[in-house]
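After the structure tokens below, expect a handful of questions from me.
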Amino acid sequence: MSSRSARALVLEQPRRLAERNLALPSIGDDDALLRVEACGLCGTDHEEYTGEMHPGYAFVPGHETVGVLEEIGSSASERWGVQAGDRIAVEVFQRCGECPPCRRGDYRECERHGLADMYGFVPVETPPGLWGGYAEYQYLGPDALVLPVPDGIDPVLATMFNPIGAGIRWGITLPGTKAGNTVAVLGPGVRGLSAVAAAKEAGAGFVMVTGRGERDASRLEAARAMGADLVIDVERQDAVRVLVEATGHRADVVLDVTARAPDAVAQAIGLARTGGTVVLAGTRGPEHPAKIWPDAIVQKELRILGALGVDTAAYRAAFDLLASRRYPFAELSRTVANLDEAEYLVQTMAGETDDTPPVHGVLVP
Amino acid sequence: MSSRSARALVLEQPRRLAERNLALPSIGDDDALLRVEACGLCGTDHEEYTGEMHPGYAFVPGHETVGVLEEIGSSASERWGVQAGDRIAVEVFQRCGECPPCRRGDYRECERHGLADMYGFVPVETPPGLWGGYAEYQYLGPDALVLPVPDGIDPVLATMFNPIGAGIRWGITLPGTKAGNTVAVLGPGVRGLSAVAAAKEAGAGFVMVTGRGERDASRLEAARAMGADLVIDVERQDAVRVLVEATGHRADVVLDVTARAPDAVAQAIGLARTGGTVVLAGTRGPEHPAKIWPDAIVQKELRILGALGVDTAAYRAAFDLLASRRYPFAELSRTVANLDEAEYLVQTMAGETDDTPPVHGVLVP
Amino acid sequence: MSSRSARALVLEQPRRLAERNLALPSIGDDDALLRVEACGLCGTDHEEYTGEMHPGYAFVPGHETVGVLEEIGSSASERWGVQAGDRIAVEVFQRCGECPPCRRGDYRECERHGLADMYGFVPVETPPGLWGGYAEYQYLGPDALVLPVPDGIDPVLATMFNPIGAGIRWGITLPGTKAGNTVAVLGPGVRGLSAVAAAKEAGAGFVMVTGRGERDASRLEAARAMGADLVIDVERQDAVRVLVEATGHRADVVLDVTARAPDAVAQAIGLARTGGTVVLAGTRGPEHPAKIWPDAIVQKELRILGALGVDTAAYRAAFDLLASRRYPFAELSRTVANLDEAEYLVQTMAGETDDTPPVHGVLVP
Amino acid sequence: MSSRSARALVLEQPRRLAERNLALPSIGDDDALLRVEACGLCGTDHEEYTGEMHPGYAFVPGHETVGVLEEIGSSASERWGVQAGDRIAVEVFQRCGECPPCRRGDYRECERHGLADMYGFVPVETPPGLWGGYAEYQYLGPDALVLPVPDGIDPVLATMFNPIGAGIRWGITLPGTKAGNTVAVLGPGVRGLSAVAAAKEAGAGFVMVTGRGERDASRLEAARAMGADLVIDVERQDAVRVLVEATGHRADVVLDVTARAPDAVAQAIGLARTGGTVVLAGTRGPEHPAKIWPDAIVQKELRILGALGVDTAAYRAAFDLLASRRYPFAELSRTVANLDEAEYLVQTMAGETDDTPPVHGVLVP
């Protein structure tokens, strides 16, 4: 198979996404080749594109990949529990499984791989180059982490494993959300909407979601469909007052997954009850500051947790939730683009075109 | 409907399970009536029957009920998010939702209900008497906690929500099991087998299961089918030595869900690594002691956690896992009995008849 | 004794601190009267005075009181373990000891007392009016919390129990500082300097302290005397760079106890290592915002904890640390004022007079 | 100094404690020589002596050493913050300070030293041999951890830093004991009595101590003197019933520091309230089992924590508590022996002579 090649998009520098043909690698006993069916896009994708978060070298982006195993070595097949022909998703991190951090479950700090070997961030110069989902094929090294996709979930919908996993970890696991809790989610993007479903699923007693203005109106409707008990347009309503009127108190858990709302952090702090927890998740770009009033953190003795990544348990729970079909993930506003259309979709999701950004963007190579 | 009645089994005293006809209650705006389709049995059922755990009054047992909503008040329907005709499961606890423990998520300590109002434990003298699943109908009061059953899951299989929920909470959530961890499960009963699936699903790196002798041979095969990497017959093998040979170390997390193995607690302690966690779950009957060597707890600075109950988040995750069909829960050895056969099934599960106890017993009224 | 009276200062409204004579109460079996020897001042005192934090009624301020028991009922004497003639300090909170929060140790949420009955904040109209330390005598109700002052500690120095207790709880207990950790303390006020001593005492491997400009030069010298390994003037030096140069890494624990430094929160976030903890403590006045870059919290998955109060264990540890004489608490810049001079001292500590604010201000009625 | 030698006791094999003369080492820039003034004895000492816990090689025992710095290198002096002539205590562990466990504060897992280099356990064949406190001099390598002894504390009393540190860590820090909690301490040995003082100091609302029979009568009196609210002779009284009668409930925190009481673990479990914490500390010898009823752990969802070691923060807090002279540590029953009498004292503390074992045994070389 080594004489064949794959079409791939390489982000050579900010705003230069060029197509290349990259040779397919030979697969041995302990690695695999994935035929990419779909690759979800998130904020990181357009931050890489615009240069807000660019590593300074050329690489194949795409870290939310779903596909079918084209070829897999027998050892990898046994270790991973999957076979050629299976539909799987790929985690962004790789894991050696042997070092102390891997042993204790902190595989994002893997001493062999760590941040340097994240899928969608590896230099195209590192053979075989196909280290991301913006391509027809993606290479899976021995330490790749694969997730089986449940039967009956089409590949485009399956890319939701990433935002739903984030909603579960950031909205439930990390803050320790319990049945009966009041949860406020700031930002009705794909992660926020996923967090609504995750919170309802965890038995949250009351879930509130905020959006901003006309552009978020349909997303707040989607939040309602996910089960939100209250949706608020922060341009027209005072979120704290409306929440307190509705429930008699503030939120036990607040999750801020807004993109660029400069006042969201202060609002998250305001919405939390005394002794409550605020999770800040998702990056906004390093140059975006927020104005807060520290006294509120002190007076309420809040716990504020930064949340960057997701983990295997959350991804698998995400697939289970998706497969349950209990929440309308399939009905979210979604745009699908092929390799030729990829750049325009990334620009649209960054708000740089005249098209309305969809809740979810997916690349189908 | 109040002129109709339901057949119910009442445990009048230990070993006296008598059928009665109980009048169906009128349903108002805020309660509901469930037509029972299936009720799972667990160790508590036979401990109640034999008298090891009997409250001293007559009651309708059954706390793992699945059924179809026959009638539901409009207010209950809105609050619970379900309608007449929906298939649901019922949690064992009730929750007022207003008291401080309910607000912070500890609804098992609900100040209005608490332990006294657990389904399957309420006196038959408390109207309307139908407080358990050993009956054609079960009454759902305003504070009942209902769980929607995913489409396509038949009622008998659906009763697995309870042991799978236990496997998730006891094997994963409570000990904080992480991807890559080594997990040892003692006891290949329905909860142990569920914990194997839960651990694999959470990304455990290695899962071991123990059983005892010939009687557990087929259960250990079931553990293999659930994904266990290693199964051990403790009558023939030294669990610690075999685990260390296989992995190079002891377990990060050990879950003991054995029924009556007097040496299981000591074995659980022995299997845990320095700094590891042991979860003891499931009751054995108050008169069953265990012999342990405290020095091992001290020397390894273990954390040992008693685990009694399960919660909404775990039950819902259990339904999702069940619906994923990724683990062979449907293939477990299972015996289904009707009301007339119930007593014999309970006796069989207690090991008091000549029949081999199934992994899972279900009552279908 | 009821015919006698005490001189007391009543803060009738912001910036109006008037002397009154208040009748001494009769003491029964379960309460006590304290002859005030000294009352420490903190930021709250000048925030009350200037009106930044004024409750809207007249009251006797002073919540860091040390004195000698003039009279005590026999029941109180037995319960508190102290006798007439003993030197004691008084905690700011009262505790019923019976309600659920008191039982679990969260006595600041006491259902009988809570925030409303804090010493130094009770209306003078509530008999007997003497609820604060700006007076010759302070009344101790049955639920007062008293701390024995070690022999040989003079009353003025003894008022340090409050800032040292804060340094222990905020710098050590709450963040879980361990031996070998690197700790950064922002702000060389009395609480910051106390936190330096607490951190060294807990075995911190490296302690850094920041101050701002010439006004803090002598306070940074005091930090050195307390054992700080590195002191930084943030006007001249980049705290992060200097810390990394000195230690090779960022801080495990950062404590921000600055008063009004608008960029301190951002600096605290910048100083923390990935996975580190930032404690924000001490109020700045509700109108003081801070500008932060949320991405840093997310990228480093920080834990930020608001810290308001202190507790018995920390106060007692503070007295022990004070009594050890291992840290130069007695040498701190300290101004002592009598009742006539109190207003000027409060103004000085608020930076409103030409005098340099001392590190520690103490009222001696 | 290298031509001089020190008298030392070497435990050549179980029950063979022989005197040797070991040459004093040359001290360089980064190490030190301690003139031993006193060395506290604990259960480990007699377990080593009797062979219950013997490493299989010859060594100088003694891991609770207090002495005066005879000679110290300039680099060590600066790093440790002490000088020749200072009285210090030595921690049992050594710490490199550079490896990941040391950096995060878990220096007992130091990758360079770990358990192999514990003071009092290093082979006498490892130069310079003087690795324990049963000698006139003890060698302090570059990674030794030294604790300054407060002025005015004589060396014999100063050896209490070890049991008091244990009482603080095991009774307070590890279980998270809070002000107002009810604490039960099982076993009135030196660690148990220290835990009573630590609990009172942390503001515990009620402290109970148990002992067994006539032999513990005077120790229970000592517990009273330390501040225990209730003492129980478990031979005559039912500890749970008496505690519940006295307080209305069971204990939030139970600390078991009994030596060889086979039923103490079950009693600890019985004394804990639902949701409570039990700390098991101190080893009993590996061949001593305990009989427990696991159902109680499950039903009450207890947390049981094994506790082996102590840390710098606890040792320093111990010295502060000792220096406060608020608890009668100096009045405890204490036997002091010289090198010639050491063996008899160790035998007495193991209960092998006709003499009554003192609460505290100290060797003064």
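Per-chain residue numbering starts at 1, and chain names A, B, C and D are given in the order in which the chains are listed.
We take it that a residue touches a chain if its C-beta (ideal position, glycine included) is under 8 Å from a C-beta of that chain, and two chains touch if they have at least 3 such contacts.
This structure is a prediction, so every number in the text was calculated from the model and none was measured.
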| item | value |
| --- | --- |
| Intersection of contact partners for chain C and chain D | none |
| Shortest path length from chain A to chain D (each step joins two touching chains) | 2 |
| Chain at maximum distance from chain B, centres defined as averaged CA atoms | C |
| Centre distance in Å when chain B and chain C are each reduced to the mean of their C-alpha atoms | 50 |
| Between chain B and chain A, distance of the C-alpha-averaged centres to the nearest whole Å | 34 |
| Between chain A and chain C, centroid-to-centroid distance (C-alpha), Å | 44 |
| Junction residues of chain C - those touching two or more other chains | none |
| Pairwise chain contacts, counting only pairs that touch as defined | A-B, A-C, B-D, C-D |
| Partner chain D, residues of chain C touching it in the complex | 81, 95, 97, 102-107, 148, 150-151, 172, 177-181, 201-203, 205, 227, 249, 252, 311-313, 316-317, 319-321, 323-326 |
| Footprint of chain C on chain A - complex, ascending | 256, 265, 280-309 |
